[in-house]
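Have a look at this one before I ask anything.
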Amino acid sequence: MIVVMKIGSPQAEIDRMSQELISWGLTPEKIIGQHKVVIGLVGETADLDPLQIQELSPWIEQVLRVEVPYKRTSRQFRHGEASEVVVNTPNEDVVFGEHHSLVIVAGPCSVENEEMIVETARRVKAAGAKFLRGGAYKPRTSPYAFQGHGESALELLAKAREVSGLGIITEVMDGGDLEKIAEVADMIQVGARNMQNFSLLKQVGSQSKPVLLKRGMAATIEDWLMAAEYILAAGNPNVILCERGIRTFDRQYTRNTLDLSVVPVLRKLTHLPIMIDPSHGVGWSEFVPSMAMAAIAAGTDSLMIEVHPNPAKALSDGPQSLTPDRFDKLMSELAVIGKVMERWPQAALVAV
Amino acid sequence: MIVVMKIGSPQAEIDRMSQELISWGLTPEKIIGQHKVVIGLVGETADLDPLQIQELSPWIEQVLRVEVPYKRTSRQFRHGEASEVVVNTPNEDVVFGEHHSLVIVAGPCSVENEEMIVETARRVKAAGAKFLRGGAYKPRTSPYAFQGHGESALELLAKAREVSGLGIITEVMDGGDLEKIAEVADMIQVGARNMQNFSLLKQVGSQSKPVLLKRGMAATIEDWLMAAEYILAAGNPNVILCERGIRTFDRQYTRNTLDLSVVPVLRKLTHLPIMIDPSHGVGWSEFVPSMAMAAIAAGTDSLMIEVHPNPAKALSDGPQSLTPDRFDKLMSELAVIGKVMERWPQAALVAV
Amino acid sequence: MIVVMKIGSPQAEIDRMSQELISWGLTPEKIIGQHKVVIGLVGETADLDPLQIQELSPWIEQVLRVEVPYKRTSRQFRHGEASEVVVNTPNEDVVFGEHHSLVIVAGPCSVENEEMIVETARRVKAAGAKFLRGGAYKPRTSPYAFQGHGESALELLAKAREVSGLGIITEVMDGGDLEKIAEVADMIQVGARNMQNFSLLKQVGSQSKPVLLKRGMAATIEDWLMAAEYILAAGNPNVILCERGIRTFDRQYTRNTLDLSVVPVLRKLTHLPIMIDPSHGVGWSEFVPSMAMAAIAAGTDSLMIEVHPNPAKALSDGPQSLTPDRFDKLMSELAVIGKVMERWPQAALVAV
Amino acid sequence: MIVVMKIGSPQAEIDRMSQELISWGLTPEKIIGQHKVVIGLVGETADLDPLQIQELSPWIEQVLRVEVPYKRTSRQFRHGEASEVVVNTPNEDVVFGEHHSLVIVAGPCSVENEEMIVETARRVKAAGAKFLRGGAYKPRTSPYAFQGHGESALELLAKAREVSGLGIITEVMDGGDLEKIAEVADMIQVGARNMQNFSLLKQVGSQSKPVLLKRGMAATIEDWLMAAEYILAAGNPNVILCERGIRTFDRQYTRNTLDLSVVPVLRKLTHLPIMIDPSHGVGWSEFVPSMAMAAIAAGTDSLMIEVHPNPAKALSDGPQSLTPDRFDKLMSELAVIGKVMERWPQAALVAV
């Protein structure tokens, strides 16, 4: 931590502050510049809040952090090594991580009925997906919009899981539902709108199912890693970070701006596995394939893609969902990139 | 709702869509333009989700909403009249609304101990505040930062309420804490990070205490009104909307960008009372007074200002909190603007 | 300037860097932390580019600036005193500055014909404005939109100036037009889209007319002050900074987000006078009055307001322009706030 | 164009407006909804400015455009076909376009001296680049930073061009320099900060060299296409669109947010070729390779990568430039993706 003093700070005040900092167990080291005095704090500063130091004196101009504020989430915490998140699914143990094959998650926005969810599960499994996503509890901007079928949807997910052998990923919106969701889900999703719902983060951190943590629409990388830190600090080390687009000034042609640069940035900062959700990222199915391709080339560990069958209305595409047929085609396109990146699963080679 | 068809849409598809829309109880009216066909939907469209219509056909280019998606929150819902939110406090019933005096809320970020919270309550009451704010449960970016004293802080707030007669505003972060918070608080705050925690919105909507709904950092005005709609739809009409700064590209000199234009915009769109929080809006105490002045001139119904005493360290200012002395001075400055705006409370005239 | 070295940086590399920095005339002072080495650079560092230092070694983690990068623009450059920008207009010398009366600038977006510009000039002068704004060369998003009447519009501005005695502010978009614009204009505007057109900044810096520098839509405060620095560095000290709204994620109800917090922030950082343009800031005339009021309460030195007469179409309001009648009313509203802020001009007291 | 009237609009006003619109040569078609009247304008509306229509009546709630405002730039203008931009370089005619091989542009930020620029040209050519980029006139945030060597740098670029046979791309910042730049450059760059410098756009549109148009930091896709429209409307059809990152709320780990979704979006909207500049997009060389890979997988037609040799300081990396050795390695990595995307040039196959 570096403390920059204002021009003209009185010596007495600098001395007073230094004494105070020493009493906190830190060693302040002064650099007397031409115009300003700068104090470097030596010691255990990672936990300190810069605002806390700022309050020490009105003569402080700024406090600059030189240590990152996250610990368990940081790459250094594992001495530079990537972590693996192993998820038990009916078919197999699926491993997410930098040195493992790409994991594909697919499925509809929400679970509508048994036929559609079981059919989707069969189709995405045949195409090479390892997980079925599907919402039982849905975060909707409007209170009048469909809020998900809740518990009965969980039962349908259990059925789809049983039939297909796929792992299940579904979102928790309320800590009170966590237990019943955890009975069905193999991985629990915390959505973008709840990324800084700290109560919920503590609750998913206190149970044992792996957690998929989506990035908030206005969350910086640091905010996001701190949210993951809440889960790790609560005892659950199995967290996957999922980018789903951030909110920017241009929302005319894509709903969000998919920030693919998180892939190399997160790789440097954290050991946690990375997932990219191009469907929410761009919001229109026609742009999803290019972004899915790009995500693999950027080095993601996993992809989440919305797939929705609509057998009754053959022409329907849905704004951001792919049909199972389009998904099949996409999987064979992704395999081409995935193979040259040496991240495409062997088994799936057969499937495509 | 207006549906714009792509250039070259087949007549058969337009007919099919029209039949479908008629089966939904709507009357589609076609306009055949030079290049495109546009279909206006006549009927009860306010509840419809544009995405739902978009899914009807791949030939749809865009769906434009001409009705606002919020109902109970809209100004029209009350035929153009402002609503009043009356809050019972020990001293008096305080009324928030466009045709009432400005209500000042003040207090510390978090409740630290009895002495500080009681002392702050006394000081801000003497200066003219009607409510004491103070956090018992604190949303903190870091899991290692002080998370608030929780239940014991609620007891201290009860004490401060009793001693000062001020109303209490404090934040709920977890639905499970709602009951015990509601025993002490006269108004319950939903923080910016939980603005789209829809479970929590439903819960605060199902109890009777008035709710202070802070704008999310990346929430559009429409998102915000829809969040309020959740509370109203759940049965609680007493909601106050609080702007506290949005996240933009420039975060060097102010932590957030305080969007004061919400005042005239919300006044037009909704009947709900408006509060401005300049302390979080700018993040540095030295910029708070100018923004508090501006908020009154813009026409806000209420202000929330952070005040924190620090008797042991006379020099301390705190990054975004005012000292009680600075708050006294600010109140006399605000009174000057408040009076010419004809919004300053009579009683407070004596106090300043 | 503070250089933070990566964990594990070799001592030899730190020594090599230190030697290099000494050869630049700087004194590097090391602080050996628990995990990292931090080097403070003592000497003349304000001109240094952090990126230039970053290139010194791949072992550098980050370079933090502790001095601001602007000099002539900084408040310190004038030892904390505000500067005055005096503009000669036919009627009088108008002074912009923190310790002077508010200056009101009003007029249409673009100069359409003699009748409308002369009429507008008369009306806004009668209401208390000191300057007429009006575009001869117009920055338009579309090449097919009206681009301004150019030179012939300059003649009409000259006529309006002569008739009304008001000062003229008009925009330059091309350095080649500067000379003929300067013959008519009393102040030259550099628009938001050209705020980082460095060639143009140098050109307006090399002539003697005062310059109104609008903030770019995505310009940070620092970018903006650096743009002003170009003008000051080129020899022209008479610069006024004009906020006109920044681009953010919410553009549904206001075209831009008017950032009024620039008033206290600029006051602290720079000695230059401040203008607020609420018309472009919000983009809809109905929201302009509230924001004009707020700007005065925040402490602005000047306001720019769009006024457009439309005698032929009595009902017309125009999306962001006020009618002369509405402007008259606004001026009497502003006078109320302006007087209690002790910034309202004496002469104008009579007029309103 | 769709005009939405406010609730309760008087019939007389709707009739008056309709008459006015008919006098403009348009056919207004009314849809009478439950609450609102909507008027569809049939006729030649692409050139109309929605604001112009908005001014027609204060009873207009909003004007929605259903035609895109750009014409020559639109994909429809070429009946859905991609355009080819052919650039004559000493070695060959290089073709940019959707159905052609990827074109790689590489080189330093600015031309420092003959040795470095000639050496860079040789190295990037050997690695497979077709163009050398290098700044003679540099847009710099600070007036005190190196502004480029100007005319003498142009001579050095001419030398590098002659020696290597590469095409030259360099930036114009001032219309007055255009002629001498065009003598050396094979393609002329308009930088992000000048994307809406409409005078400059008209000038580069009036000469014959192809133009590389970088996206402004806060430019929407529509703003960007309209800027290109200025160039096409002025007579120059050879424009390439280059994404270089937009400004968002998170600038801690990447300088800008590289928006790769522009690739599929632009492909749909326009016939113009697309270039991605990952170097400016992320701002740190270590993140450039992943983003270059991703850009190819997303389907870009071209890449611009900063390469800077620093022979005297072997350890130097530079914040966003690759060394020639790292660039060699990157090219062989890119070739792998480029080949499976069937976009890698045959000749370059040999080189890598």
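Order as written gives the chain letters A, B, C and D; numbering starts at 1 within each chain.
FYI, a residue touches a chain if its C-beta (ideal position, glycine included) is under 8 Å from a C-beta of that chain, and two chains touch if they have at least 3 such contacts.
Per UniProt, the chains are A, B, C, D = Phospho-2-dehydro-3-deoxyheptonate aldolase.
For clarity, every value in this text was computed on a predicted model and none was experimentally measured.
Participant: Specify the chain most distant from chain A by Cα centroid.
Facilitator: The most distant chain relative to chain A turns out to be C.
Participant: List the interface residue numbers of chain A and of chain C, divide the shared ones by all numbers used, and answer same when the ratio is over half, different when under half.
Facilitator: Same, since over half the interface numbering is common to both chains.
Participant: With chain centres taken as the means of their Cα atoms, state the distance from chain A to chain D in Å.
Facilitator: 31
Participant: Need the CA-centroid distance for the pair chain B / chain D, whole Å please.
Facilitator: A distance of 40 Å separates the two centres.
Participant: Roughly how far is chain C from chain D, centre to centre by C-alpha average, rounded to an integer in Å?
Facilitator: Whole-Å distance between the two chain centres: 27.
Participant: Can you list the chain B residues in contact with two or more other chains?
Facilitator: As it turns out, chain B has residues touching two or more other chains at 218, 247-249.
Participant: Which residues of chain A touch chain D once you look at their complex with the stated criterion?
Facilitator: 218, 220-222, 246, 248-250, 252-254, 257-261, 263-265, 268-269, 281-282, 286-287, 289-291, 293-299, 336-337, 340
Participant: Can you list the residues on chain D that touch chain C in the complex?
Facilitator: 13, 47, 49, 51, 54-58, 69, 71, 139-145, 147, 173-176, 193-194, 196-200, 202, 216-218, 223, 226, 229-230, 233-234, 247, 310, 313, 315-319
Participant: In their complex, what parts of chain B are in touch with chain D?
Facilitator: 2, 4, 7, 29, 31-36, 38, 40-45, 61-62, 64, 66-67, 76, 218, 247-249, 251
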